[in-house]
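Next come two complexes, and both contain subunit A; in the first it sits with subunit B, in the second with subunit C.
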Partner chain A sequence: MDTATLIARESFVERGARERVAGLLDAGTMRELLDPFERLRSPWLAEQDIVTQADDGVVIARGAIAGTAVVCCAVEPAFQGGAIGEVGGAKIAGALELALEDAEAGRPVVPVLLLETGGVRLQEANCGLAAIAEIHAAIAALRAHVPVVGVVAGPVGCFGGMSIAAGLCSQLIATREARLGLNGPQVIEQEAGVDEFDSRDRPMIWSLTGGEQRRATGLVDTLCADDAQAIAAEVAAAVAAGPEDPARVADVDAALARLARIDGDRRAEAEWVRDAFQTPTDDGSDS
Partner chain B sequence: MTATTPSSRGGRWLAALTDEGPALPGYPDSVRVVDGELDGTPTRYIAVVPDPASDFPRARGGEVGLVEGWALARAVRETMTADVDGPRRPIVAVIDVPSQAYGRTEEAFGIHQALAAAADAYAAARRAEHPVIGLIVGKAMSGAFLAHGYQANRLIALDDAAVEVHAMGKQAAARITQRTVEGVEALARTITPMAYDIRSFQRLGLLHRLLSVADADSPAGPDVAAVRDALTEACRDIGDSRDLGARLGEGRAASLAVRRRLRAQWQS
Partner chain C sequence: MTQRNWTTRRDDKRARMAAAEAWLDGKVLERDRVGDALQALIRSGDRVIAEGNNQKQADFLSRALAELDPDQVHDLHMIQPSVGRPEHLAVFEKGIAKKLDFAFSGTQSHRIGQLMMDGTIEVGAIHTYIELYARLFVDLIPKVVLAAAFKADRAGNLYTGPSTEDTPALVEAAAFSGGIVIAQANEIVDDVSQLDRVDIPGSWVDVVVEADKPFYIEPLFTRDPRHITPVQIFMAMMALKGIYAEHGVTSLNHGIGFNTAAIELLLPTYGEKLGLRGKIATNWVLNPHPTLIPAIESGWVETVHCFGTELGMEHYVAARPDVFFTGADGSLRSNRAFCQLAGHYAADMFIGSTLQMDADGNSSTVTTSRVSGFGGAPNLGCDARGRRHATPAWANLAPEGDPLARGRKLVVQMVETFQAGLTPTFVDTLDAVAVAEKAGLDIAPVMVYGDDTTHLLTEEGLAYLYKAGSPAERRAMIAAVAGVTPLGLSADATTTQRLREEDKVRMPEDLGVSRTEATRSQLAASSIADLVDWSGGLYAPPPRFRSW
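Our next item is the complex of A and B:
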């Protein structure tokens, strides 16, 4: 890459949720639903003297990508670490449920999920968890009709119940800076001890859960640079693909065979994990 | 034959509801799959139970780990395959899961994907017209609950102090929200969704039934009969519904309001 190209390159990660969405959609097609002027704030944060936000940290917008109707659901990582509360969760779940209704009526709308989130917002624990179950239900149902596209871009990563949502997507795009995992480093350290997982060991964390490793193990479908144009191009390609059940969700036998071969006591290192994922699993052997 | 009493509450309820039926082969010891009946209808019962000998040290206490997530997916998908041309059996997820497995190996091998596979299977079974019921007899925590039970058409819980639903244990929740454990407990008393107890969960409108039993820990005669009746009634109540709409009530006013306003704006 020459210097001029590098300087011209725009970061996707440095944009807020609304600007990320705007950059993905065909010019002039973005229509935000339940925008901040609707003032749909978390009813639970205020009770705990925590500052609310007028969109509860979630941007929903309809529009088109290369002419195809889409609905973007983008989590704003700068508000509460992208954590999902009742309102933000209902915005995503509700949008996906409406997209499902349209798909079932023969009017496909492709969901694009920008998932930068720590998972359930603990200040609204059970309301967040319930909303995430509804998000899972909608993604799983939509996948029969349209590709469900997920993007994990920034260093906040995608964790908790929303990492399961990412795992349910038909097409998952990540950058090298992104992380994808169920339990955040601090939670594992708290629950299992620092010997099990040192939450300050950033090289270890990225080596096991970063975008590059997840691509190498097939848990992410596309690795992309933090370049707004390049990410938009990958999203457009994913939107144009047909509906499918990715092997990463559907191939139960291969996953169980892989787990049967690994030593659960061994301290996981990136290279070993990659090898385990690359060993053919369809050789018919049972041991 | 005298079966040893299962070590966990979930294991005991599974045994009681299936008349101590044999677990199907082909599953790990931590995922017990039993084909029993409900009101004369063949029914598949599934529970995650502790396995002190598990190859994965962080998943020995009944947590949903890598193997458990994928085995749950297999147990549910296998039911769908077997019933594809016939009546769709009810599936009962007996829920007593203290948490997902917290560990380095778990993250490295993609536990989120294992849990996604389980949630996906339950959701697919629900859409394929299997009545799916989640029976909460103990803890229903976080990712473990999302993988095992939260995709059910209906949720039934026992009204008991040890029955809890939450997104995270108190210690970790305190650390992540930069509060003390006492602070988390104090908030749990006033903020309904932050509470751990099942009655608070019921107030959110997420339960189909909250069931009083004499002894939630040791299922016996009348309690087992009452649970069976509730499961049977839930199957009838499911009828032709295939989505999770029954959970959206006044207990989650904001969830309803968001959906109402979103619908109004959906078509331009």
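Our next item is the complex of A and C:
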């Protein structure tokens, strides 16, 4: 890359949630729902002496991408590490449920989820988890009607229950710095021991949960540079692609076959995990 | 009349070398006999340099030193530019060494503080680097130097390459004063033709030994752009407008913090917008900071002379010989002594950070729990009163109307008004004063004195301290930019207003810098991965900095 390109390149990751959404939508079409002036704050954080935010760290906006109606749900990574609480979770779940009603009524609206989250907000525990479950259900139902597009871009990554939401998307876009996993490195180290997983061994962590590995194992559909324009182009392509039929995650047999190929006693290493995740082709041999 | 013996030092060296002869093949020492050899070559009370540089550490030899029998060898006087390894302090705890003269303690700063307070270490002085080297030729002449090299040949020639750092200064002091030079090398080759180049001639070196593992090297100067905050970017914008552009600073040294990393990363973006390329920041005395890559690649930087190297920058530096000082083999040649001299005499500006500053502008990184030493900061961060050449930035600080007026080096302290944990940066009395008392130091370890500080930049504003008409006005100028710290709250609003009108203090709005503009999107690179992209894949960051 020449220096002019490098200077012109605008990072997607460096943008806040609202700015990320604005950059994806056609000019002049952004309309925020439940914006900060509605002052929908977390009732739980204040009780724990934690500063709240007027949008609870989630931005919901309607608009269009290349003329197609979309609803963007963006998690703000700078607030509470993007963790999902009751209010923010309900904003996403509600937006997806409204999109489902529209889709069923023949007015398709494509959901675009910008996920940058450590998962449920621990301070809100079950209230956040309940919202995440609603998000899962809504994504699964929506997939029959419209593509559900997910983006995991920044170093916060996407973990916990929200990693399941990412997995349920019909199209998932990630950068190489993004990580995707059910449990974060510290949690795995704490549960399984440092010999199994050293949470300070950064190359090892990214080799297993980073964007490149997740692309190679089929859990991410598109690997993209941290470039606001490039990511917008990938999102637009995914929005235009139409619903996924049949849905990838609906193929339970393939997932079970993959699981069967994993030796649980063996310490995970990038190379053999990639091999085990190869999708068998029709004739039964590994592709 | 009895004839005086003029060769006592040389004779003593001969006797010691003879005592170690059994384990030497020429100059090459068997690795397993390093303890026996050190026991024969080092005597109680000797002045010993264990090469602890900022980065490169003679760790194999210092581990062997720490294994000596304190009944046989004790009361050593250690001289170390940097005390960076646990074994450097073990020699004191075991009673092998008693006295220490040093410049920087880095990662050992907490422990060294404790050992000073409890009397285990008797500290001669905490120096600035070239001050310590200078004393090696006057009143701290070493008897033994334990040095480190990448490679040595059997004749004692050393290849120290990108990590040459302090080696020439330390070795020279012993090699020409009847001292003994012992070098560890990662690899010993048969012939000089197998060395990439010769950094230290073999005739200066008495013993070479192949280390059990490569010497330890610490990536001290890598700052991950991910951790640069908008406040730091805001201050960097003020610095570029109010200092770099204001005075036309072309030659400079940057401290190692995130503040100055932000400036490096703003040159190709914000600096370019201000039209400053080619007008400022062209010639540097600096370690090869990865965050300087975008400025180099976009044509801002003409030259960089380096104190030491930085892990991961080897290939990048080798591929940019027009910018960096490199040998015939292509690799970097660093040299801390020359680089510090350059920073003292030839740089227009030093800009760095500190942990504490008092109302008079004196600053120190020594706090009660931490004695980190100074490294090169006092020498870089002071006016060079022996300087006799003018540059536009230097001359710009001269008072007007005096035919004998001379300019000044810009010494800039760039600090946020509060440190982590809401500790105010501005204090009534530096912790250094109490530390000096407790540790029995002759002088309080002040890093940069207030009267050397020409500019103070905080997130509140920029005080042009060199314009102060009196010590009282200087204090008022410091208070004016000290924010809501107790010192800042003591500032008188009317006085501050007058200082602004007299252009002695400028607030962000006076500089035309807006807080809302100060976003991370201004950075030419926002992650280590971006720096790799900027380097065309030549920069190879150490694993701990990778996030992909």
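FYI, the second predicted complex is superposed on the first by the 275 of 287 C-alpha atoms of A that agree within 3 Å, B and C clash if a C-alpha of one lies under 4 Å from a C-alpha of the other, contacts with A are read in each partner's own complex, and residues count from 1 in each chain.
In the analysis below, a contact is a pair of C-beta atoms (placed from the backbone, for glycine too) under 8 Å apart; a residue touches a chain by one contact, two chains touch by 3 or more.
Source: prediction; values computed, not measured.
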Answer with first, second, both or neither: which of subunit B and subunit C does A:G150 touch in the superposed model? neither
On the A-aligned overlay, A:D263 touches which partner chain: subunit B = first, subunit C = second, or both, or neither? first
Pick one for A:I60: touches subunit B only (first), subunit C only (second), both, or neither. first
Who wins on subunit A residues touched, subunit B or subunit C? B
Touch check for A:E10: first (subunit B), second (subunit C), both, or neither? second
A:E177 contacts which: subunit B (first), subunit C (second), both, neither? second
Given the touch rule stated above, what does A:W206 touch, subunit B (first), subunit C (second), both, or neither? second
For A:P111, select first, second, both or neither according to whether it touches subunit B, subunit C, the two together, or no partner. neither
For subunit A, which residues lie in the overlap of the subunit B contacts and the subunit C contacts? none
Within the complex, which stretch of subunit B touches subunit A? 54-58, 66-67, 70-71, 73-74, 77, 99-100, 102-117, 119-121, 123-124, 126-127, 142-143, 145-147, 150-151, 165-169, 171-173, 175-177, 187, 190-195, 200-201, 204, 206, 243-244, 247, 252-255, 257-259, 261-263, 265-266, 268
The residues of subunit C that touch subunit A in their complex are 226, 268-269, 272, 294, 297-299, 519-521, 523-527, 529-530, 533-534, 536, 543-548
Listed in rising order, the residues of subunit A that touch subunit C in the complex are 1, 3, 6-7, 10-11, 13-15, 155, 176-177, 200-203, 206, 210-212, 226
What part of subunit A is in contact with subunit B in the complex they form? 31, 33-34, 38, 40, 42-44, 47-48, 60, 62, 86-87, 89-91, 93-95, 97-98, 118-120, 122-134, 136-137, 140-141, 160-161, 163-168, 180-184, 186-188, 190-192, 196-197, 208-209, 214, 217, 219, 248-250, 252-253, 255-256, 258-259, 262-268, 270, 273, 276
